[in-house]
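What follows is a pair of complexes built around chain A, which joins chain B in one and chain C in the other.
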Partner chain A sequence: MAISSTETGPSDGSPGLGAFFRNLVIALGIMAAGIVFAVLCAVAVFSALNTVLPDIKLVQAVLVMVLGVAACFGYFWGSNRLLDMIYPPRGHRVAENINAANGIRPWLFLGPAVIILGIYLVYPVVNSIVLSFYGPSGEHWVGGANYAWLAKDAAFRESMRNNLLWLVVVPAAATFFGLIAAALTDRISWGNVAKSLIFMPMAISFVGASVIWKFIYDYRAEGSEQIGILNAVVTFFGGEPQAWITLPFWNNFFLMVILIWIQTGFAMVILSAALRGIPEETIEAAVIDGASPFQIFYKIKVPQIWGTIAVVWTTITILVLKVFDIVLAMTNGQWGSQVLANYMFDWMFRGLDFGRASTIALVIMAMVTPIMIWNIREARKDMK
Partner chain B sequence: MTALDLKNIQKSYGATKVIHGIDLKIEDGEFIVFVGPSGCGKSTLLRMIAGLENISGGDMFIGGERVNDIPPSQRGIAMVFQSYALYPHMTVYDNMAFGMKIAKAPKDEIDKRVHAAAEILQLTPYLGRLPKALSGGQRQRVAIGRAIVRNPKVFLFDEPLSNLDAALRVATRIEIAKLKSSMPETTMIYVTHDQVEAMTLADRIVVLSSGHIEQVGAPIDLYEKPANLFVARFIGSPAMNIQPARVERTGDNTLISLGGRKTTVPIPSPEPLSGTRCHFGVRPEDLRIADKDDFLFEGDVHFVERLGEVTNVYLHVKDVDDAIVVKLAGVQKYAKGDRLRITAAPEKMHLFSEEGRSFLHI
Partner chain C sequence: MSTPVGSRPALAWVVNISVILLVALWTLPTLGILVSSLRDKDQLAVSGWWTALTSSERNLVARSAPPEEARLQEGRYVLTGNVFEGNSGEVTGFGISSREPSAFAVGENAELRDGGMLTVDTDGDYTIAYSEKPEPGRGQRIFVSTVEPPKFTTENYENVLFSEGLGKSFINTMTVTIPATVIPILIAAYAAYALAWMEFPGRALLLAAIVGLLVVPLQMSLIPLLRLYNTVGIGKSFIGIWLAHTGFGLPLAIYLLRNYMAGLPREIIESARVDGASDFEIFRKIILPLSFPALASFAIFQFLWVWNDLLVATVFLGNNEEQLVLTGRLRELLGSRGGNWEILTASAFVAIVVPILVFFALQRYLVRGLLAGSVKGG
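On to the complex of A and B.
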């Protein structure tokens, strides 16, 4: 986007590739100068002050923090200043200079963030692809052996099956309950209190939530007092207590409940805002047309927020594909509850096999990417 | 037959009363326009007729049936909203068919009615489109079509033209007038703050102000014989000139003193009003330049608006606070500072009591 804007700058004398490369060189030059200068200044100030200040770790830490922020400001101020020196906004070429500077400035300000994000996001992807063709230690080329192993591995198939189960159940349930909660809480006087309560699990970490639900599913031998609420309820009605999270297949659903519990709040908040955005008059028109409250909900309201529902759904879907913490904390993949992310973690840090772990990671990435692209497109459409 | 009968209709939000007991009878096939300034309660009254607002007091009858507790869909009404309120996710066809589909009408019946309405409104080529692919005027026609398909006893329009640009507003106004004449049996109630729409469309106009009816009558009656100062000022543009005066002699003709001069107005007045203060009114378009010594006002021009077809001249008259507006035909060459004498035909003059009631309605 910004590339084309530099290319087609209205008063840029020679639009085209030449101008673009000239701008690129200038931008990179200023960026490098700015970063080097800001870092050198920060280091110099730090060492100067360090000789004077007492040798206390806390003081040093605070100093580093302050200097870090100052260096950032210094970079933005300094790089902007440099740009203005190269293209001064005065003189007889003032309009050309302002346009050229405006073409470069976004790159200067975005540059450091883009570079750092690139290092932390793009490099691991490339390295994972490379590692997936190497053996456990990442030193010996094995060709497609990791992929061949994956295709035949029973635990991988179990993880895939469970991931697909999660994929079907959790986004659907969380979006559905979120929509219901949004629709109901909009109409009652204590709706805001109810919303806060439903939203609260969002503030709990997945591991924290798992600990809470571990107590809910807790199992004590028959005859002793059940401290898990689920077994307490079951025994109250005369049933037999169960070790819920060890029941193969069904335990998947008991784990899913945790994520649904967490994500319903998210879905509710977004959908509630969308519901409020529906023009009141379309609802009144439907009332005059004779639609019942239920018909108004699913024939008038839901279709109007369909875009938002899709975004919420896919956002939760992406989250579900990466589900890890809950499974690790609850069962660690035992009793047939393994999922891809946890399986990858197993091979990485327990199996110590970089190749196989990377191969599993790529499978997860391949599943997430298309949904992610669609999700971003849809969200952009909604913003328009 | 009476299509709509409002008996002492009231509306209050908590302790705040917004509609103070409206009594109104609307006959079958009438085109009624509710007009009034913002916040006068005209839209609230319309929404009460539609059933979108609860009725706090009084009784409402549609076609002889008390509808206070009947839901909107069963009142035999259809409403056209200011923002059109089309269902954005449905095609033009589905928008118009929605009500009948909800009512589980047979498919071929729905098809027939939708196509008939589309034919009237020239929407047939657009039946498969979504509202977002239509222009503002077409959307408005779909909203009207949706109302026609419901085949209502009473049509309700809530400022249907205010979202259209000026040229389209005039065209759509004429469309609505044509639509009404093609459906002489149907009663229409139309809310607007635009007096041109009110004057051109209405059989009868209901002028509302702060929750009261000020006057009900045919457009020309309201223009010629406003019942009170509010209606006199509200109908007509520029607004009627109102000046304080004093009743000198009552009788079949009333003698008043106005700015030190005495004028006879051919309006009868009862004896008790003798010697009281009153308001003298005359419309800008009824004033003309006096060619004799007999004049109503003498003043200095301090502002001139030339609109081509007419010229509005604002006069400063001695001892009078507000400027007197004179609307003269064609382009006039008066300039600031010119001294003018103006007068009006006696039968075009209006008299109002001190409380603002017209002498004709006392």
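On to the complex of A and C.
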């Protein structure tokens, strides 16, 4: 807790509204000065060096990066100096000055973050809501026309159906496999190696994973040798090879497998930590009572980690709502595999209709909102 | 763990075998493309990667020399040559129509439509004998089934890196990733300190807002930001994408760092304050070094996320040689080179190798970060 809160003064824990706004205004002024100072220095150095250095993109990128980081440092250092110059922490008004500076400094620290969050996350939410009432280029007011269109659009219904399927299957399967993997790997000597390997797909991009799995699903006409392992297995057991990702409805599940493959490791790591956190006494008591390992797992351990399972489940759910790369790379929404995020991308880039695309984005946002509210409530409970 | 499993060998076996199965399922897909990317492209096209170590069967089409080159030998006009044209291999059968490339066994005679007799040897030498001088024309097509020893090559990698433009994309991805990882850390660290250790009105509200922003879907931001960029004049540039990734990464960065910093011992910070250190000094000299594990966790998250991102790069960078990143290039190749698995597998491996190395090297921090963000009591 900051010292200021234990003293009385204009900037203690609960200052008046007037003091709050005064601090904010001074902070904004210093912030602006700091940003201008940092940016000007960076631009000056950049233009000076740019004439000397060779015209290679990577060199320029490194230069811009170093300058960007230096500018960040420059801002924080410069704005703090400025604050200390305005309210010097010495002289005959030292106590008042320190108090005044302590009221302003948090805003200097927070400034860049708040500005960037405002521009990149808060403003877009508001702007998307506005755009959803406008036409393709965002210039003509169309009222609820985009929403009316959405309600009747067949491709949107298909996307909703598929998204709901994804929402049910992927979090459930990834959590289930993660739980099994966590329980099993905790019991063997080479468990950490096994964990590492199951966790590894997490580092692979969705597009990379799509290539990997497209190779598995590869299809050759019946009679020729299959180079995709799935069709090779199917023909080995006497089945007919299939072009898996073009089978309407079922192809959704073949795409889901990719995300399950990626997310199981995440679920495993977190659930494994939770399983290890279970008090030993509860397990010992069950062992003494003669419970079998399966009973211990399902009746003693799992009920104790419900909270963590819920966290894993919701985290994957949020990811699923935004699933995009896999569908784009595998089918691009053909053969009945469209999902909301890809459909939105479609209207944005191919349909060039910002109004409709924003409306679809808002549907995704609406589906995330309950989880968002739940998260905020949980976080506030934790912080008390 | 002191469960009674150790005392039940049968159960221990079941557990071990299940884990082996799980690990196999989770690693084989990646192994498949790694093995395939190193195989000869003709072998890759006709046999599964799991047969990479065995000899592979292949059908070849060769064309004989034109009939007018036949020379008179022992009263017959004879045409000779080799179906492999300089390569090596072993012929197991041959034929004269594409439907039956192994209709005849090695050494048998096949009668051609123009009256010639064709025979092919194991080493690929063929002989066509005519009883009369043949009409001039094109050479005869010869279909052969061959067995080839396994061939491995790095040619596919040379090909994708230098001719398919992947090398360029690799540099572009680096150019995007490194600044987009470093910049948010700095900005978030200061904000996290303020939220953890400074008192100011509205702190609780800001924290709640950041938890809320954690889950705002990226899709919301694309169109408004695209329009904003065009208005401001940033357009499709690296600066634009660095800032975008900074914005999208900040909530997680602030959340992770704040949670970590709030857990640091209060005594250290208070004694520094008593000694007259300012917040700026406390942050730089005490908090920042102590928070290294959390900084590393976030850095890995952000690195993996930016390196693997396709959506933000597609929207905020151009689709040209100068700006196409690895994921974008891979997606383009999937469209244009859909059947060329030697190109796709090698490209995919180039795209995933750096994150995988980072993952294995720094896994500890990644796990710690995940746990800090997710495990809650209960």
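Simple rule for what comes next: the second predicted complex is superposed on the first by the 321 of 384 C-alpha atoms of A that agree within 3 Å, B and C clash if a C-alpha of one lies under 4 Å from a C-alpha of the other, contacts with A are read in each partner's own complex, and residues count from 1 in each chain.
Here is the rule we use: contacts are C-beta pairs under 8 Å (C-beta built on N, C-alpha and C of every residue); 3 or more make two chains touch, one makes a residue touch a chain.
Here the structure is a predicted model, which is why all the values come from computation and not from measurement.
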* **Joint occupancy of chain A by chain B and chain C, clash or fit** => fit
* Now for A:344: first (chain B), second (chain C), both, or neither, which partner does it touch? -> second
* To do: Determine, under the contact definition given at the top, whether A:152 touches first (chain B), second (chain C), both, or neither.
  => neither
* Structure fact -> Reported in degrees to the nearest 10, the CA-centre angle with chain A in the middle and chain B, chain C at the ends is 100
* For A:295, select first, second, both or neither according to whether it touches chain B, chain C, the two together, or no partner. => first
* Which of chain B and chain C A:303 touches, first, second, both or neither -> first
* Asked: Given the superposition on chain A, which partner contacts more residues in chain A: chain B or chain C?
  -> C
* Asked: Is A:90 in contact with chain B, with chain C, with both, or with neither (first, second, both, neither)?
  -> neither
* Would you sort A:279 into first (chain B), second (chain C), both or neither based on which partner it touches? => first
* **First (chain B), second (chain C), both or neither touched by A:287** => both
* Quote the smallest CA-to-CA distance from chain B to chain C in the superposed model, rounded to whole Å. => 7
* Structure fact -> Overlap of chain B and chain C contacts on chain A, residues 284, 287, 306
* Under the touch definition given earlier, write down the residues of chain A that touch chain B in their complex. => 279, 281-282, 284-291, 295, 299-300, 303-304, 306
* Touching chain A in the complex: which residues of chain C? -> 1-5, 8, 11-12, 15-16, 18-19, 22-23, 26-30, 32-33, 36, 44-50, 171, 174-175, 178-179, 182-183, 186-188, 190-191, 193-195, 197-204, 206-225, 227-228, 238-239, 242-244, 246-248, 250-251, 254, 266, 273, 278-280, 283, 304, 307-311, 314-315, 322, 326-327, 330-331, 334, 341, 344-345, 347-348, 351-352, 355-356, 358-360, 363, 367, 370-371, 374-378
* Considering the complex alone, what residue numbers of chain B touch chain A? -> 50-52, 71-74, 77-79, 81-90, 98-99, 102-103, 146, 150
